[in-house]
Amino acid sequence: MISFETIVFYLLAALSVFAAVRVITARNPVHAALFLVLAFCGMAGIWLLLEAEFLAMTLILVYVGAVMVLFLFVVMMLDIDLVQLREGFWRWFPFGVALAAVMVFEMVWVLGNNRTAETGTALVKHDADYSNVKELGRLIYTDYVFPFELAAVLLLIAIVAAIALTLRRRKDSKTQNVAQQVAVKRADRIRIVKVPAEKRGE
Amino acid sequence: MTYLSTLVPAYAEIFLLVMVCAILIVDLFVTDPNRIVTYLLVQLTLLGCALITVSTYQPGVVHLFHNTFVDDMMSDVLKLLSYLAMSMALVYSRHYLMARGLFTGEFMVLALFALLGMMVMISASHFISLYIGLELLSLSLYAMVALQRDSAVATEAAMKYFILGALASGLLLYGMSMLYGATGSLDVNAISAAISHGVENKQLLTFGLVFIVAGLAFKLGAVPFHMWVPDVYHGAPTAMTLIIGSAPKLAAFAFVMRLLVESMQPLMMHWSGMLAILAVLSMALGNISAIAQTNLKRMFAYSTIAHMGFLLLGVLSGNIDGYSSAMFYAVVYVLMSLGGFGMIMLLSRAGFEADNLDDFKGLNQRSPWLAFIMLLLMFSMAGVPPTVGFYAKFSVLQAAVNAGHIPLVVMAVLFSLIGAFYYLRIVKLMYFDAPESHVPISMQPDSSVLISFNGLAVLLLGILPGNLMAVCAVSVQQSLLLH
Amino acid sequence: MMELLQTLEQTGQNLLGPLWLPLWTLIKIVVIVAPIMGSVAYLTLAERKILGFMQVRPGPNRVGYWGLLQPLADGIKLLLKEIIIPSSANKFLFVAAPVLALMPALAAWAVVPFGDGMELANVNAGLLYILAMTSLGVYGIIIAGWASNSKYAFLGALRSAAQIISYELAMGFALVCVLLAAQSMNLGDIVRGQSHGYGLLGWYFIPLFPMFVVYFIAGVAETNRAPFDLAEDEATIVAGFHTEYSGMGFALFFLAEYANMILIAALSSVMFLGGWLPPINIAPFNMIPGLFWMLGKMSFMLFLFLWFRATFPRYRYDQLMRLGWKVFIPLTLVWLVVVAAWMQTPLWLW
């Protein structure tokens, strides 16, 4: 009998595959980005089935919640001319099809092999109080401390690069100096002038 | 033994990282006219790294951080040479960058980060650290190429470099994940052990290997994955091209060694065939396309492709001689490439790039000494006997002959003969043509002294290649046999 | 009460067998969602009343005694209004957006404990789940802004997206401090971690006071409430992302906003104010069921939301971004290190 988990797996897998296909076939880039979000959600679901809840949540939190939002942000502001984008399509089409055919052939050759399915080992089930967050944390700070620290350096490089590439001090920029604004006193802004009363003109 | 003292083999990396962070902060307080302070700090850091690497040298192979880091003689030698290459690159680029307003703290910090990435790649013994090292290097290089924001060419180059680089990383990761699936480990030694014990799913393994080789070829710039090389070399400011074209090749050699040789030696018959195709195509396309170039940077780019073909030829021979000659080739290539790009920067000045072939016309009349150095460099790249380039090519070919790849060797010789044409054309331009411009060459003392040494080193190593070759042979032997 | 529930579960189990679990879960969902919807309705009334009192005017008092039927009237009005879809809008996304806004706002409630053991799902990574769900809320807004094909809506959506992402970071770091203190990501365990003190002295708002403040202010920003309601800044961009919405579409956005407010109130009570725990652990106080303490704390936090709205003028966008990136994020990062170091000393009493 097919277990409930198998059904859920196939549902999520179908959803992910469908969304992934739509990412590349959707005509509108915003739709494509949204389908990518859907694909991420499907994958997060599959990870949950594998009891990798930390990865699943992080996928949602980081990719769906932050990265893709910024992605959408940019895509929405682009003025993309679809006609122009499609111009060279037919010229490269045969080439693409040939490459895809080779890839599919290889994939079928490798993955269609019956032995592949058998080599997979069953998922080790854990108790309810097993926390894979703790396990991950332990691994990151022991076995994988070197790559982990380097990943932090990678982020530092990204910060340095992003700042170096985007920070321009424009001369005509009118940004305010907040510290100055806060430190302002009444006397700097208001001058009370005594206006002598005038007599009504005759 | 305390934890800290177990980290001795990684002291150089740790020192470098600490210094980069310190420089990053110091640079905040340095104004543009005093940028030399940052520069000196960077050079001091490189010197410090070299001292640490030398003083922490210990024979044998040491694994660290749960087998994600390895310290062997090959890594020490390659690291020392990387420091040297990076330091030379910075000396050559200083005036060039100052004239273009690019002599910033970010440039130097990114260069050091790139160096850190190379060091990690050189002494990685785990696929994760290999990959992260590669990304450290690549990310810094992408940013460096894009630093000249107002130049459309540089931005385009950065874009191409970034997108194709990301694609290559994807291929590499995909391949690694398949290898993980097949062998159940990401540790270089464990993978090698698992493969020689026999893996159930051979296809998955070969499939992963194909992706890894494709990713490697992308990063090395071997044909048919070479499209980015000419555009990036041409579009990037010459100083960045120099950095891309020099020290990273050492790291790339180490990368190939760790990935293909150390972890997949039992699969050699599979990958050496793929490398053979890549090598022949690279030598053919690199040498033939280079003839058609009028831009020196573009020409060097195609020549890099051809040289990478030679390097792969050494690796695919699959024996100690082959590996050590490939290492020798990488070192020599870095030396020549430093000289070549250094010369372009030396002849350039504010608002003028000496990167066209015509700019070298009659160089002999303008400066006989520089022309002579350039002659040495070109001879070496072409592989003309008294220079080291000849010996490098010779040893690679010899190893390939010994391994029985006669047809490959014949083709390699043919293509390097074709290649000799465009190198010698520059010599002809320098000595037999009339100069087009008579602007005096502004000889910066530091870079002109360095380029003299660089050129003479090419000659001297060519006459006495024994020591360097012996070092390469011993280090490759040690790091391969003691695993 | 507990025995009653247990007998109920037992009989259900016997009657329906494997179908009982989904049904029971469904019942629990209804028991959680229905009061939330009711609270949303009456929160709007409370808001108008409180704003009224603060501005020395009576507030709504025509529909029903003391205006008590006002939310009902509003609801019926919104239900009956025509739904207008702009002619060049992207129809599917335009309709889907309000649903996408409301869904995560309700889904996040699954792990919130109202009392000891009173939660829909006892998830180990509850804190992560909350963060993941709240981070999805922005999609409703950004899609609404884009699908409306209107400049005002689009500007509102962009503002909101940037704002929510910026404040999510500070919020996340504040919660990491809580995680550190409680050494658990299970919301129930977080509350229990605050119980071994002398009543309210054991609650995390004392050692993590700056984080409490940051979390709550970031929460105000996350829900696009005044003084950070730049996404619907009526003075410059009409009504922001929901400019083009009418009838039920608008109502769903409204529901989502208020449900999110209540969620933030509930979460800050759980994380910092001891959840269902009584403030003083002696006779008259610990007789009262935990649920009431929890609701009381939530009401207090909700009152703060309304108080803010009545008191502070709206921020300018650059000020908002500055506050998020240059004040909150560094502050939370520093406090994270402080807490981590503090916990290693005997001075850590929590």
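Read from first to last, the chains carry the letters A, B and C; within each, the first residue is number 1.
The rule we apply is simple: a contact is a pair of C-beta atoms (placed from the backbone, for glycine too) under 8 Å apart; a residue touches a chain by one contact, two chains touch by 3 or more.
It should be emphasised that the depicted structure is a prediction, and the values quoted were computed from it without experimental measurement.
Asker: Please name the chain that ends up farthest from subunit C once chain centres are defined by their CA atoms averaged.
Answerer: Result for max centroid distance from subunit C is chain B.
Asker: Find the most central chain, measuring centrality by the gap between its CA centroid and the centroid of all protein CA atoms shown.
Answerer: Centre-most chain by C-alpha means: A.
Asker: Subunit B to subunit C: how many Å between their CA centres?
Answerer: 54
Asker: Using Cα averages as centroids, what's the distance between subunit A and subunit B in whole Å?
Answerer: Inter-chain centre distance comes to 33 Å.
Asker: What's the distance between the Cα centroids of subunit A and subunit C, rounded to whole Å?
Answerer: 24
Asker: Note which residues of subunit C are touching subunit A in the complex, please.
Answerer: 93, 123-125, 128-129, 131-132, 135-136, 138-139, 142-143, 146, 154, 158, 161-162, 164-165, 168, 172, 185, 318-319, 322
Asker: Residues of subunit A touching subunit B in their complex?
Answerer: Listed in rising order, the residues are 106, 109-110, 113, 115-116, 119, 142-147, 150-151, 153-154, 156-158, 160-161, 163-165, 168.
Asker: What residues on subunit A touch subunit C, complex-wise?
Answerer: On the subunit A side, the touching residues are 30, 34, 37, 53-54, 57-58, 60-61, 64-66, 69-70, 72-73, 76-77, 128-129, 131, 133, 175-176, 178.
Asker: Spell out the part of subunit B that touches subunit A in their complex, as residue ranges.
Answerer: 10, 17, 21, 24, 64-66, 68-69, 104, 106, 109-110, 113, 116, 120, 126, 128-129, 132-133, 135-136, 139-140, 142-143, 146-147, 149, 200-201, 203-204, 206-207, 210
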